[in-house]
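In the two complexes that follow, subunit A is the common piece, with subunit B as its partner first and subunit C second.
Then we have the complex of A and B:
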């Protein structure tokens, strides 16, 4: 038995394939066709059914053999994804007719993918590049399977479009309404978020430097700053809309207020981060306050400041979008979300959320890149 | 006695003077923001008021641009203590509506976060595949999903507490999961090796070493999570059309320009947030002491 290497995922997958074969028809259309053999009723998977079953079973059996991990992962990857693709492709035109074997075969393919990810995550490649590629590949497969399951289940079970549209429909909607989405992004992100973020972070930074200079101010502001970070500041949105009108200025004001305190608290903490030894060294150099601040304490505070910038990137987006729920001109991401929800265009809402998620990740990524460039000396970046 | 004086000088005095400064600036702001409208009113009524009369009037408008602190305090006091708790106008009632969905969502989020963290620490596949997504999801403006969750769940007949609590769950499980993963991994190699020499099983290592080590991390992230789930509950109340809760109170105030109501709802939200954070902090301290932690 030395050449066998069973795992519970593949074992279960084989059992599931057997169960699916035993249960018979994949869809109600197929049941009808089998019941009336004389008439020709179209049904899904006329030729590909045995191919799918065979693929899953074969991939599961091959991976049970003692193979090199890379080959095993490759076999599982191809088996799982080809079967899933056939399954989703075939249901087109027969949405909502799926019966138990459809979901069973989906589960079997998912188990293969799980096994594939498990094999990949247990690999310890020698080269740095391979390790880096694996670190990207494993979460990518995981994310892809969330989409595959979502697509297959919504279409197979015929979940109403207004509850949860399949990812393919969201993607189509996204591509078709690019001009609208671009206008929303321009209004919300390039006007409200960027302006508010820059002003809020700058104000927080300046007040933090002042608070660092004057002990009394620091002692008074820090407890307040820590307290405010727990408060639902988003609630000032209606007030700001009343003061600054419906356009982006009111959203920028909300973003300023939301980003101010995290920046203040983190920068003050960062300015205290440089050690006594270093500060004493600066004293022996006879450097004045500004020299010490500029050459020692601000660089030492950089990781804290970038942490605040990262936290604020998410807060700024949330602030601007939620503030738009309280009133906007007829453009903007929050406006689009709230009105399209009201009109039950759920696919448009999902498209907007996808854009928001993408924008948020890019925003965060840009700051993370800046951080790597600016704090190249820090242990967390050097990897030391 | 000495230390009490010390803490008075180093904490109480600066904080109160900053707060007093804020109140003074607020009053000045009240005058300057309300004066234009008041002058307009006076002109229409044909009244000429002296400067002191104008100041007094700006402090007592029914729908001011910026309400004076005493107006907010009065409104808050009236709506908190003088109304029946069951009344639709009572802030206690609205705060309770928000608080109940916050607590339900917070409890579900904490449990979910802990379960995910335990899974991530023990299953390599989950660590490699799920953890990057959890971190990436922190960069996404999740609150944007809130209206959709409310409306979609209402379409299938789920209304009331559950949809709001789900938003709170969604917001609060991330901090708990991330903090708990950190906490469960916080035992050093030395301690793990010691458990190994005791021939401890995986479950024993988990319950006797990893869980106790993770408790401080858990409470630190629960503080963040409880604040987040309150925000989730408030935002969750916006799209339901202003029925009940602090978020609904904010929205109703925005519709009818009841600025004083908005401000006192904000105060109520802040009081609830402060209470929640303090309670979680106290619970953390009590658990820490019960487990034999040394006071820092």
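Then we have the complex of A and C:
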């Protein structure tokens, strides 16, 4: 049995194909068509059913052979995705009619993709570029299958659009509403989030240094700061709208309040992070407060400060979007979400969520890159 | 006993009591000590005998609670402000975000030396500790011995006349330690600095010092001061001579006398 390399995913996939064949009709439409052979009732997969079954079964069987990892992954990739594409394509026009074999074949294709990712993850490519490509490919297939399952299940089971639209509808909506989304991003992210984030983080940092410098501020402000940070900051959003008006300034104010305390608390902790020996060393040089701060304590605090910057990047986005629920000009991501929910345009809400997730990831990623560059010396970055 | 030149360190009736949660702890009691210019003085004793505390008092990192101490004729605080000494800690304490040359530049930057002079001094001191060619390395890319040598270079860079060293080679293996001891003597001969050296190794103390201060714990006090009769020129194999062994035996006796293991 040297030429065989079975895995539980492919074995189970073959069993599932057999089960799907045994259960017969894929959809209620097909059941109707089979029950009335004299009338012509249209049903999905008139010709592609056996093709799908065959694809899954064949890919599963081939991958059981002892093949080079790359070829095995390729066979699994093609089999899983072609079958999934045929399945989703064929259900068009027959949403909500799927029966058990539809979901069984979906599960079988998913198992093949699972096996494919497992094979790819265990590969140890020699070249740097191949390793890099692999690092992107594995999470991409993973993410793609979340969308594929979402699409196939919402359409096959006919889940009401208002509850959960399929990703294809969200994607179409996103592409068709690019100008609106761009205006919203401009209003919410490039005005409220960026301004609020920069001012909030800068204020938190400066107050942290002052609190470190002046004992009365540290003793007096820090306990109050901890109390204020426990307040539901979003609750102040309507007040900020009253103070600063409907436009982005009030949202920036909410973001400032949200980002201020994480920065303050982290920077104060970071300024205490330098070692006793290092501080004694600076003392032997008769280094003054600002020299010690600049040359020792701030570099030592950098990992803490970047931590706050990362936490704040997500907080800022949440703060700005939620603050727009309380009054805004007719543009902005939070405004769009709250109004489109009211108009039952759930696909638009999801499109905004997708854009916000993407923007948030980019924001976070940029800060993480800066962190790697600035704290290259820290054991957590240099690895050892 | 002191040389004709003014004392670099002069302590009399020096005492220091720490207030801890378990009540007061007497770290130093009645320490009388004078260190002249150009001397190499070792402080030796078991842990808890106050040898590091004494060094930290000289460096103004701790304040004495009784007695008087003068460094270069000034209070320790004034001496620290005047950057009268370089201090080498038990660990290298190099800043990981600075390269070796930038670490050596640290005191020079704080003292506001012009860039060109900084460069010249970095080159000279790194050469002195045999680290030329490692300027652009980060501390975590070097071995422990090299890191400690870089920290000595940092203490030498601003050319203070007094060097305070707190078990600088304690964490290193014996081969590296021998090598660094040899280099340290060479450096001391060349620069004519005054060195106060804390150690718990008898051979190290005898090999390096012109004078050995033996200390004992509870409370930390000086039990013996031994003048070394060894010549200034000391190859490593001097450690097998009867003269060396006689001094080492006296240090050992001093440690045993002041010690309280028997209690």
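Here, the second predicted complex is superposed on the first by the 350 of 384 C-alpha atoms of A that agree within 3 Å, B and C clash if a C-alpha of one lies under 4 Å from a C-alpha of the other, contacts with A are read in each partner's own complex, and residues count from 1 in each chain.
Heads up, the rule we're going with is that a residue touches a chain if its C-beta (ideal position, glycine included) is under 8 Å from a C-beta of that chain, and two chains touch if they have at least 3 such contacts.
The shown structure was predicted, so the numbers you read here are calculated from the model rather than taken from an experiment.
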item	value
First (subunit B), second (subunit C), both or neither touched by A:220	first
Contacts of A:241 with subunit B and subunit C, given as first, second, both or neither	first
First (subunit B), second (subunit C), both or neither touched by A:63	neither
Which superposed partner A:322 touches (first subunit B, second subunit C, both, neither)	first
Which of subunit B and subunit C A:27 touches, first, second, both or neither	neither
Residue contacts on subunit A - larger count, subunit B or subunit C	B
Touching partner for A:345 - first (subunit B), second (subunit C), both, neither	neither
First (subunit B), second (subunit C), both or neither touched by A:118	first
Residues of subunit A at both interfaces, subunit B in one complex, subunit C in the other	none
Contacting residues of subunit C [partner subunit A, same complex]	59-61, 80-83, 85-87, 89-91, 93, 95-97, 106-107, 109-111, 138, 140, 158
Subunit B residues touching subunit A - in the complex, by the definition given at the top	10-11, 14-15, 17-19, 33, 65-66, 124-125, 127-133, 136, 138-145, 147-148, 151-152, 155-156, 223, 227, 230-231, 234-235, 238-239, 246-247, 250-251, 253-254, 257, 259, 262-263, 265-266, 269-270, 273-274, 277
Parts of subunit A lying in touch with subunit C, wherever the complex brings them together	275, 277-278, 280-287, 291, 295-296, 299, 302, 375-378, 382
List of subunit A residues in touch with subunit B within their complex	114, 117-118, 120-122, 135, 138-139, 141-143, 162-164, 216-221, 223-224, 227, 229-232, 234-239, 241-243, 313-314, 317-318, 321-322, 325-327, 333-334, 337-338, 341-342, 344, 346, 349-350, 352-353, 356-357, 360-361, 363-365
